[in-house]
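Note that the chains are named A, B, C, D and E in the order they appear, and that numbering of residues resets to 1 at the start of each chain.
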Amino acid sequence: MSGSVPAILLTLNLAAVTTLILFVLGTPLAWWLANTRSRVRPFIEAITALPLILPPTVIGFYLLILLNPTAPIGRFWVTVTGDTLTFSFAGLVIASILYSLPFMVQPLQTAFDRIGRDQIEAAASLGASPLDRFFSLVLPLSARGFLTAGILTFIHTIGEFGVVLMVGGNIPGRTRTLSIALYDHVEALRYDQAHALAAGLVILSLIVLSLVYWLNRRSPRHDG
Amino acid sequence: SAAAEEALIAVAANFTRPAEDLAAAFQAETGHTIRIATGSTGALYAQIRQGAPYDVFLAADTERPARLVADGLADADTLTPYAMGRLVLVGADTADLPPLDRLRAGDVQRLALANADLAPYGRAAEQVLDRLDVCLPERQRLRGQNVAQTLAMFTTGNADLAFIARAQLGGIGPSSASLIPADWHDPIRQDAVLLLQARDNEAARAWMDFLISPTATDILDAYGYGAAE
Amino acid sequence: MTDSGLEFDLTRRIGGFILRGRASLPACGIVSVSGSSGAGKTSLLRAIAGLDSGLSGQVRFAGETWHDGTCRMPVHRRRIGIAFQDTRLFPHQSVAGNLAYGAARAPAGTPGPDRAEIIALLDLHPLLKRAVAGLSGGERQRVSLGRALLSRPRLLLLDEPLSAVDTARRNRLLPDLRQLLLDHGIPALHVSHSRAEIAQLADHVLPVRDGQCGACHPLNDWLAAQDASHPFSLLEGHLAGHDTENGLSTVRLGEASLVLPGLGEVPAGASLRLIVRARDVALALDPVPGLSIRNQIPVRIKGIRPQPGTAYCDLDLALDGQVLTARITRAAADSLSLETGQSVIALIKSATLDPAQE
Amino acid sequence: MTDSGLEFDLTRRIGGFILRGRASLPACGIVSVSGSSGAGKTSLLRAIAGLDSGLSGQVRFAGETWHDGTCRMPVHRRRIGIAFQDTRLFPHQSVAGNLAYGAARAPAGTPGPDRAEIIALLDLHPLLKRAVAGLSGGERQRVSLGRALLSRPRLLLLDEPLSAVDTARRNRLLPDLRQLLLDHGIPALHVSHSRAEIAQLADHVLPVRDGQCGACHPLNDWLAAQDASHPFSLLEGHLAGHDTENGLSTVRLGEASLVLPGLGEVPAGASLRLIVRARDVALALDPVPGLSIRNQIPVRIKGIRPQPGTAYCDLDLALDGQVLTARITRAAADSLSLETGQSVIALIKSATLDPAQE
Amino acid sequence: MSGSVPAILLTLNLAAVTTLILFVLGTPLAWWLANTRSRVRPFIEAITALPLILPPTVIGFYLLILLNPTAPIGRFWVTVTGDTLTFSFAGLVIASILYSLPFMVQPLQTAFDRIGRDQIEAAASLGASPLDRFFSLVLPLSARGFLTAGILTFIHTIGEFGVVLMVGGNIPGRTRTLSIALYDHVEALRYDQAHALAAGLVILSLIVLSLVYWLNRRSPRHDG
């Protein structure tokens, strides 16, 4: 298990960064989707659901094509940072963001959808600007949606594997995440190690998740 | 009996295309039907242990079939090497030097190779690197879970050199390849075995015979597999 | 910046309903919007607040353009306090949190009523720590009104703010609310179905009918005109003195004086408005001795207006430059042979003038 | 199954608030729950409906046990129609859909008012196809009331059902609503802050104060007792005849008779209830000629009750076996030297008796 | 592409069956979670999020162990149906249900969380039983939540791959789903076929999803 420490740290780091960035990107997108009257809305909604449709390895394959140092994006990244996007932490983050997008956007949109205009109008009349309204009203009223979105994204990033494997290339300490390590154990018939790692992961997650849900147990239900 | 039967063959993913060609030839010759299920060798092994309905296992290594025999799931008498893999190093065809020379000269940013833990080609590649005494930092070594992924890293432009199987050369575009001498690494032997549950399956038995027939050897040769000794 | 108040000239179509309004309201004081249910009162307030899209026309306040054709000032920059008909408290905050919401967003240093004052006015102290969910209907309305007042608004929009508050508390609250708004110079637009509430709060009344805003009337004109079956008169006078033993006060109206109960706290000399219901005024040809009615005021009949379709005729009585209206039955007018120009005695029971009665 | 109506004896604690109630209400007729804002009226209705947990005690209706200790009949099986204070219309359905919701769930064949009747009563026809979102406050209340009525309830709970409806419409609606409930024998518990609404709808009144249910009173007792500053008397009489020319009617009260406007449609001989406000009754020592007040009724003073803390004293006047209360200032009583047993003349302006006035 | 037809049918079938079963199982679970005051709620919530934490192949590995004909569940299945649970359609369905559970339960719970007691009380007073209330009120008011849950589940089942591959075993016509076929193409260097299949999948999904979202465009927002 001790050999798994770098993988664990890397995985937590990746999941945290991905979730944070997706909060920042997904929130305005979900808000826009929940509020717009635009004709293109159904199309954009479909696109946000789409990253799930292709198997991870295949998405990874296309990301490899898209992000490689000779492709525009990859080249740009190399000139700016000096490092390649593929097989680096940055590449993993981009891949995870893309692949976890639906888990962030869709629950948020569901939560936003049920916030009535009434309260928002009241806040506006009390002098709250749109941004202020968002933070002081929409955010607390859709706390449960944020929790769901955050947890689905975080967990999905932890368990993610195909995309990360392809784009990251399994470099120990750099791109070898926990799920890859676990997969390796199973493939290499190191079942004992696989069992230990899987059990550890499950128990730890159960504790952490229970704690998070317990802290959130005062849901805003029954308020009308 | 002469009645045509059907067999389900579990094949290591990197052997998919040769297996399909072999199946076609086998079908033409015997009238038996072959269906192919692919997967990583490790996954196929785990599945077989859990009762997967495969008749024959074509592994990418020798270890997993041997273990199945030890597990009492495969017929020891049928354990057969069916192919010898050859390692090649590929690089862009625009370079002046052949890939192996570039590797020796350290003219490499990122080298793709298979995970030595999981794939015999990976272990072989590591042995070659040791032998050449190339010291490449870990972060420049990209590891695919198998040779297919290793190749994908190369074909998508993410690695400038890659150790792959010679059998894969047909699937890629213009590139230059250096064939690695077979004695630079342990032999990459791929074993096939008949599973005990298929003892009475005519098609499966016939397939095991067919694998070492000249027809099969010719097909494998064309793919670049050395004959099994 | 001019001295003008709210001016608007607007049209809005919502489904089959069309709202049209054009008015120029005074820069200070309280205007009540009156009209039957569904007349468009809430819609008018929303249009002025800028809460709805699809509005055409103009809205200006204190020389500032709030709405003009397509250009619209965002609601949150208008600094309007709204007490919504359905209160719209924030369920995730306590009562204190709701009250603080607007206050925290008011520009620093804006003058306005302070928290303690509002809490005392609306008796919110026992509720402060409570969650919004458990409040009763009337309690919600008080909190909502307090929240609007605490946001230091430049204009208040009150949509039936006290409809779930009991009459006793409302009667206590309304004069103080009015005083507070006048003291801080906050103009207000107020919607209510209760004539008593309008009478106690408003300076002007803006009638709305089937989506059409009428002209803005001074309160007395409206009270007199709006419903011929309940005529009132509004008499201006000043307090002459108190008879503390009997609990009575005397109000002088020029030469005449009226005795009425219950003004104990008003200082002598203060000016006052008295609302006298026409049905509470009786007439006698001569002063009547031996009668419990103490207010017997000599007046001259200025006009006699029979009310067709009813049993009544209304008489306009000249009283020292003011007009007092009396409603008596036509049968009584006939039997007394009343005529324009005649001098008669107006009889008003003190008990009917009690300001404590609704 | 006994003939009894709603009986309850319950206690509930919500946060710091304790509700206690014990009453046995008649099997038919309308009981108004009266009390100041926050007194616990809504809580009482909820407790009876079974909407809240944590209730101890008993609730029984028509011989059926709705609640007893821990055993509780589910709300949907009680067949109660509730008009909630905040309407609670279903936003995903049209007005027609909302109305149909309860109707569709009533057991087939249950008697009750039919759809056309309710739609006419509440004037819902123009709203039927509308979405709930665009309704005005008063319109929502009418729909909510209609929805409750259409569910063919065995008991109606009306929580300030018409607080956002304008007075004119409410005055039209209330007598018809009352008639409909009586015709179909639906008992109702009704909450309102408006005395006028209670007076027009109720048979009995159940006062609630600080969470304590008082005893259930007949309407007249309550009207007389509930607020000493607005005494009334209720006189029973019958219609003697009409003076169509002057729009007046005469009501006989034993020997005496009263003239009042606007009873044109009541057939002669019908019995009537007249509510006479004490403040509208003046007294004279002798009949007064030359006065516009036509009702001059000889009465005897039965009692004189000075009202401490006010300017008034109230007099109980014997009028042919009934009691008429007059409120005059103490100063007037003193100056007339009124005494118990004395015969005097009660003066009542016809205009103050007009039933069209609220 | 024509070779992919059985895989396409199998995949759609699997996704549809999984989504339907998850609607039936997930709805009461989400409703219970949104309403219960039980102490164990945070723990159950954590468990419903958990299937995501392990990489698919690893989950598949454990499912194989759990469902194989010598294990209790697998043996029971064999005696009842005569077929094994592993390497069969039934096994795929079980695996997909387990793995897609969070995508069903969590968005539903988010949607249920924001339905106030008010409307439910009103419906009860009008004579609607709990079940009736659920169908006539809760369901339409949380339509957006059901849409989100259904689409995430369906799409995730389509794109799912590791678990299915492991439990199903890539048997053509029986357990080889679209994503496995796609994976095979990539692995076997049949890039042209992979590109064609991926493009077809993406375009088709985009059209179908846009249509679904378009039909749902009248969201219950702005109702207060």
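Here is the rule we use: contacts are C-beta pairs under 8 Å (C-beta built on N, C-alpha and C of every residue); 3 or more make two chains touch, one makes a residue touch a chain.
Source: prediction; values computed, not measured.
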Chains in contact with chain C and also with chain E, listed by label, are A, D
Note: chain E sits from chain B at a C-alpha centroid distance in Å of 35
Per the C-alpha means, the centres of chain B and chain C lie apart by a whole-Å value of 92
For the pair chain A and chain C, the C-alpha centroid-to-centroid distance in angstrom is 57
Contacts with two or more other chains occur in chain B at residues 43, 46, 152
Two or more other chains are touched by the chain C residues 86
Within chain A, the set of residues that touch 2 or more other chains is 61, 118, 141, 183, 186, 220, 222-224
Checked against the stated definition, the touching pairs are A-B, A-C, A-E, B-E, C-D, D-E
Per the touch rule above, chain D residues touching chain C in the complex are 14-15, 35-38, 41-42, 85-86, 130, 134, 136-139, 159-160, 163-169, 193-195, 229-230, 243, 246-248, 259, 261-262, 278-280, 282-286, 288, 290-294, 309-312, 326-336, 347, 349-352, 354, 356-357
Within their complex, chain B touches chain A through residues 40-43, 45-46, 64, 67, 110, 112, 115, 117-118, 138-139, 141-145, 149, 152-153, 156-158
Counting only contacts in the complex, chain E reaches chain D at residues 118-119, 121-130, 132-133, 136-137, 140-141, 220, 222-224
The residues of chain E that touch chain A in their complex are 34-35, 41-43, 45-47, 49-50, 52-58, 61-62, 102-103, 106-107, 109-111, 113-118, 142, 144-145, 148, 151-152, 155-156, 158-162, 179-180, 182-183, 186, 194, 198, 201-202, 205-206, 209-214, 216-217, 219-224
In the complex, the residues of chain A that touch chain B are 61, 64-65, 68-71, 84, 86-87, 165-166, 169-174, 183-184, 186-189
